[in-house]
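Take a look at these structures.
One chain, chain A, links the two complexes that follow: it is found with chain B in the first and with chain C in the second.
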Partner chain A sequence: MALNKTTSGGRWRIRPDGPEKVTGKLAYLTDMSRDGMLVGRVLRSPHPHAGIVSIHTEKAKRIPGVHAVITHADIPGMNRFGIVNPDQPVLCEDRVRYIGDAVAAVAAETPEIAAQALESIEVEYVVLPVVDDPVKAQTKQAPKLHPGGNVLHRNQYGYGEVTSGFAGCTHIVEETYLTPRQMHTYMETEGGLFIPEEGGRLTVYSPTQHGYKDRMQLARILGLPEFNIRVVSSPIGGSFGGKDELNVQPYGALLALVTGRPVKIHNSRWESVRAGLKRHPMRIAMKTGVDDSGRILAHQVSIVADTGAYATLGAEVLNFAIEHVTGPYRYDSVEVEGVSVYTNNGVSGEFRGFGGNQAIFALEGQMDRLAEKLGQDPWEFRLMNMRKPEDPGPLGQTIVRTDGAMQVWKSLAGSSMWLDRQDRITDNPWLRKGTGAAFVMHGSGLGFGIPDPAGGMLALAEDGKIEAIFGYEEFGQGLIATLELMLIEQFGFGTEDIRIVIGDTDLVPHSGSSTASRATSMMWKSLQKLRGPFLDRMLDEASKLLSLPTESLRVGTGGIWNRSGEHLLLTYGQLAQGVQEEIRFQTHFPFPASPTKRIGAHYLYTYSAVAVEVEVNVLTGRVKVLKQYHAVAAGPVMNPQGFLGQIEGGSGMAVGFALSEDSVMDSGVYLTRNLDTYMIPTYTDLNGEIEVHAIEDLPEDDEHGPRGVGEIGSVGVAPAIAAAVYHATGKRISKLPIDPESLQEVPDFLVKAVSRP
Partner chain B sequence: MASGQEDKMMSPSVWHPRDATEAWTFKKLLDADAIYVAGGTLLRTQWEAGIATMPKHLIDLSSIPGLKGIVKEEHSITIGALTPLGDCRKDPHVIRHYPMLADAIRSIAASSVRNLATVGGNIASRVGDSLPVFIVSQAEFEWNTGLSPMTEDASQWAERLQEQLPKASHLLTRVHLPIIEETELVPKRFGAFHKVGRREAFTQSLVTVAISGGIKADGKLAEIRIAAGGGQTIPHRLPAAEKLLKGQIPNRELLGEVHQAVMNGYRPKSDPFATDEYRKKAAANLIVMELWKACGEPSGAGREQDGVK
Partner chain C sequence: MINRSLAERRSDKVIECDINGQPISLDVPPTRRLLTILRDDLQMTGTKVSCEIGRCGACMVLVDGQQVNSCLTMAYQCEGKKITTIEGLSQAEIDPIQQCFLEEGGYQCGYCTPGMIISVKALLSHNPEPSTEDIEEALSGNLCRCTGYGGIVRSVQKAVQLRRDSS
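Right, the complex of A and B next:
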């Protein structure tokens, strides 16, 4: 079904947090302030790689209005952070490994004093050779950035014999694909307010995608029990993975505890660019061969990921890329190896799509090139090699069976955009039109072997509100709107009856992270589990209060109604006042994982097929995306507007990934230091039509319900653009963002113009 | 509150002159410690990026009366230097007589910036994207030099800038754009502006080109002016290309030569985001394309030959 306002009917609702966001009324966590609060700032390394000889803070401390200057010596707990692999110093001791590395932090009465204090801290550095190339970083000559060397993680996967596979191939395509260091570019830069409370507690108001994980990491750094820390993590002005890891929280927390006063930190865009995570640039070499019928006999892949100075989730991103670099296809033999390498190039980390974007760009490039060698239609070629529903997952693991691959394939094949792709007339001879397509298989959840808890709580509060309490965060994805709609549709509550409680470790249960396209799935599953007991109990209690049999009652808007829905018998407020014991139910369960024991292997997959029409101006080499078609098989749509928003929003990020975004670095220093040179797409770049088809059918016995769509919209667009550019110009793209110079032509258009029909 | 480099700025004194001569006097007195500020949109980004330091004194031009607005006279349009870009873009006289100026302004920054930024500031920055249009339009810039007003042809001014910095005290007050009507002798006029950036909108330019000319009844080019700029390149005319075209009926061969002349004559300033070769080719392609459009299909002369070099 084409998903839009018309087809959604009454399900197309104004999101509850919408009006406050568009009018600017909503206070984000970084908008908060407190009387008497201090301003926190971080002193960051000016060098991509250097040894620290000495740090002197005396001068800075003497400045009136400076309340604290801290260094590594002031950290009571562990001076390291990192979600999985804590290898990043909170404050560097003897070495800095990227230009954002933190060396000291100050708390002062005003931003001006804080800035002056930063300038007064004396740090003596010995500049060290910069490791700025992940391939060179693996050589013996390269300086070692970490005690274990420069390899963060190496992994591989394979089956069959690629060597003999290639020997039998009629056509082999070999290509190396390069992807950019994309920035998350959330509107709200990192920041927060940190408040020391009575009894030694600390409240942290700071955006993150997993409040409990921040609490654990902060407790480790501060040397405090976890329950002494309250993390409030919502609402967030965008994250896309970029705020999953700690950023300013350790400094704010330390400064608040040292000074005993509230401390606010809020990164400028400059500091955000310098210190923040980026998407892993990857160099993916592929060799893929087919027999003369087009069957893929061998697929060999080598991935080098530039993970930058510290780990964060670099290993997990590489694992994801290795898993997804085979896509929704069958092969006789596969050999994939990958390495994630430390360099002095900032820090790479988790980013929407999580390594899948890079992998699918390369893989789909191979599919198009192979189809051409065979003289086959690229989409038919994909069908011939497509996985079957009963096939195991990409790592040989058992996965949940769906028909998603075929469903999205067919949807695209029958779309008018694809059928009309040879209609390429343009207004001018220097404009060339083309259409390309890509096929995506994307896993959700964290994968086998990684703790992936889920759950939630429902309660009837004293004031009669029905509280849905989850440990997730709202960062613009529409989680609140989706949860509200689920409660209305699945429980029969009215909008006014509901209160949503999220993003506060003092109030919410462990629901796991709001990452990896998992939150919607897990809310749905939680509500499935809670629905029966919660409604039964409400009706039981109502039955007692009303002295009516439960069979004659039902739950509805405003309260308990008679069965036929004519009379409101008891409001939720009355029910809440009348019950003896609080009505509260909680559920805990892990995100479903494959029974196959391979670390990181996914169990739930979604599929998408993307077609893109572009226009290339060969005078300038500039590419404009005219139209997009997305078929997405992710189970039932929980919230049409949210679903559409995720696909369109993901696609917008992918247009940037394909056409304009790259954090350009020179010897470990960013050349794109602000949004005047780092180019995210604007409205004008994204004003083409986007048609989204949601395929909601699942096999009858499926028990997993809606799959998340937070990432999948961002995966297939870049390879589809690359294919469309080839269709338009006959030039293959292997490096992103596309360099317009590679598409520029000398204007022989004067001749062509005459001969064109 | 976002703390960052901008916080290091110390607050300067702001002077509010009542007329252009007073502004000039402040500048003369304070010299290098002061800078003229109109919209301040470009300066702000330079201060933030640390590529310029905020001086001790700012001379705020916005309060000077009479320098804002657009007036149509019989044979010209006069644009006050303090006219916001946004106003200029929407002005009916500009749209009617100089659509390419409206095009150029539309390509500058975003509407919120254009509401603050001024035409004078865009010109005085020396790299403003509107400048190529003024250069090819025979615009005259009127300056307050403290003594008597001075006017100078835009293209001559830009040419001098290639060699030396402009006098910092000179204050641009007005821009005069001649209205060149189509005549019996020159029945067809054409003009166009193109900007190539790194995305479709709100981007610094990599390349800008402007072209303006007239075609006689016999198809010969009566006159032609071509300018190119972009990024940190101070826009300049392309005399060799103009010379090739003047008095000629463009055919494919000639356009090929013009393409080469632009490639040779355009001197873009490098940055990490595009090669010089790319910029040259883009400028040459766009200029030749506009000539091709203006002159209709190139005459049969070279049609059978291979594509131009």
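Right, the complex of A and C next:
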């Protein structure tokens, strides 16, 4: 059934954070201010690669209104950050490795004075040769960007013998796929407010996807105990992975501590572009062969990822890509190798889809090309090679069994959009229509061997509110709304009874990160674990207060009711006042991981099948997506509006990835500096039809409940568009974003008109 | 050539305008951006900032009922004008357009939402029966990164329908 407002009935609700968002009342962390606050700014390297000879800050310090100018010498703790591999200087000492590298920071009374101070800092550089090509970066002659050389990470996977596999093939497709440096382009740029508090504490109001991780990293940099830092991290004006790593926090925190005054930083778009993470551009070479029946005998893949100047999660992204270049298919033999390479091209890192987007674009391109060589229908070809539910995962690991692959395959095969595929001809000779499809399996959670804690807390607060307390973040996905709906549906509370507490390290337990499509699954599991003890204890206490047997009571809207629900016997407020000891339960557990010991291997997967219909204007070469169909098998839908929003929003990003988005660099320098040249899709680009089918059935013995949907909508759209463009024009796409020039034609009628004497 | 005396007189002048129905005198440099005046001077942070070059629409406000990028508007251009920000749209009660966004889920992170709603307001005030092309044009300067515009399309359609039903 199509997922929309009508089919969702009463489950389609106004989000609790909605009224404040539509009225502009919600204060984002970058909207905050304090009396006496200073403006913080960061001086960033003008060179993609240079040695620092000297830094002089005296002139800047003398400017009236400047309260602090700091450099690496002012960092009390470790001058490095990075979630897993801290190799990025907070403030560079002797070398800059990308155009956004931070060299100094200032706090001043006004933005104008801060800007003047930045200009007055004298830094002498010696420019070094720029490493801007990840392939050349691996040669002996290339300058070394890090002590260990230019390879951040290398990994491989395989089984069977590809050489003999290829020898037996009737058809072999070899292609190299290139993907762009996509930018997250959250509308709220990085920023926050940093406040020194009494007793040497520091409060950090700044968006992140994992408050505790920021706290840990900041403590390391500031040389403070973690409990001296409070990180308030929600609400967030979009992140998509981009605010997962530290960004402005170290500078704001240092400046606040040095000046003893609140400091606000809010990046301009250009600063966000130059300093911020991007999606790894990847070069994926694939060679895939089939026998004459169409069975895949051999699949060989080589990935080169441009990770830019520093690590952040570059190694993990590569591992994810390696895991996802085989998709939901069976092979006789597989050989995958990948390398993530340091360059001076900005910094690549975590981004919705996490390497899966690049991998699936390439893989699905192979599937379409092979089907064509065989003269087979591309979707039937996928069915023939599809994995079986009991098959191991892509890295040979044990995974949780579901029928997701077949479910989404069938859903798409039976969709009217696929069955009525348009002929490529339209009424206008310069417009061609085409339909294409792609098939995705996408892992959630961080994977085997990576600490992946989860959990949460339920409490009856003194004022009678039921508090759900989680260390997850709200960046727009609707986490608060989902949590509220779960509490209403699974516990029977009323909307008014609930208070949701998130995004504040002084209040919330460790719940792990809000990344990797994991938060909804983990909230669900937490509530499953907490439900029994929490409700039992409430009824126990109520039974004591009311002198009635627990069997005669139940929880409901507003408080404790008699079993059959005619009478409200005790409000939650009365219960809270009456209990001797606070009612509070906490749970803590790891994200489910595969028993197979392969680092990063995933255990839970979401499946999707995507079809798109495009219209190509062969005069301009522009592609417009007219219709989309998404079948998603992710277990029960926890929040229909959130689910639909994730698929629609993710797919919108993927349309940009396929058609228009690229952070263009020339020798390590960004040419696309703002939203006038970096083109994300507009209303007009995305107002076509979109149908989302949520397939909720899971095997009867499944204990994992809802799977993540935060990323999967962004993964399959690009290959489906590429297939649709081929259907429309007969031109194969191997490089994204699609270059309109490559699709331009001189239409027949123009040729005739011109050639007539 | 710059007329010095005029320029000087101009810079001394307090700018008088009306923001959300309140008359207000702004003693600011004539070139100060309206966006800065709203967000930093008046602490009216419902108006958002994202690109500062007129591309994203996060900073959209109404100036005499027209949609305007406040990042591209200078203080002197506000002289004698009626400015409406997102805060001004729901002073008495929530605007029906805002209600449509709530009901249809026309937002996620909400950062583009104030500007988006302002643009829809401007459109529907002038054109109660907009065609698809009219809507596309009116919203072409408002970027949203979260929703893929699905919920926004539905919210606008609903707002148009609502207006039709009530007239």
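Keep this in mind: the second predicted complex is superposed on the first by the 744 of 757 C-alpha atoms of A that agree within 3 Å, B and C clash if a C-alpha of one lies under 4 Å from a C-alpha of the other, contacts with A are read in each partner's own complex, and residues count from 1 in each chain.
Note that in this section a residue touches a chain if its C-beta (ideal position, glycine included) is under 8 Å from a C-beta of that chain, and two chains touch if they have at least 3 such contacts.
Predicted model only: the values in this text are computed from it and were never measured.
In the overlay built on the shared chain, the residue A:T684 is in contact with chain B and with chain C. By the touch criterion defined above, A:Q641 reaches chain C but does not reach chain B. After overlaying the two complexes on the shared chain, residue contacts for A:S120 are found with neither chain B nor chain C.
Using the contact criterion defined above for the overlaid structures, shared-chain residue A:S511 touches neither chain B nor chain C, since it reaches no partner. When the two structures are aligned on the shared chain, A:K5 is found in touch with chain C, with no touch to chain B. In the superposed pair of complexes, A:L619 makes contact with chain B only, with no contact to chain C.
Of the two partner chains, neither chain B nor chain C is touched by A:Q209.
Legend: residue contacts after superposition of the two complexes on their common chain; A:T71 is shown touching neither chain B nor chain C.
Residue contacts after overlaying the shared chain place A:F475 against chain C, while chain B stays out of touching range.
Comparing which residues of chain A touch chain B with which touch chain C, the overlap comprises 33, 189, 266, 268-269, 674, 676, 681-684. Interface of chain B with chain A (complex): residues 1-8, 45, 48-49, 196, 198-204, 207, 252, 255, 259, 272-275, 277-278, 281-282, 285-286, 288-289, 292, 297-298, 303, 306-309.
Those residues of chain A that touch chain B in the shared complex are 33, 39, 41, 111-112, 114-115, 119, 189, 191, 264-271, 430, 618-622, 624, 659-660, 664, 666, 671, 673-674, 676-677, 679, 681-685, 740-741, 744-751, 753-754. Across the complex, chain C is touched by residues 5, 12, 14-15, 17-28, 31, 33, 184-189, 235-238, 240, 266, 268-269, 475-478, 641, 644-645, 648-653, 655, 674-676, 680-684, 686-687, 690 of chain A.
Of all residues in chain C, those touching chain A in their complex are 39-40, 43, 45-53, 55-56, 58, 85-87, 89-90, 94, 98, 101-105, 107-114, 117, 132, 135-136, 139-140, 142-154.
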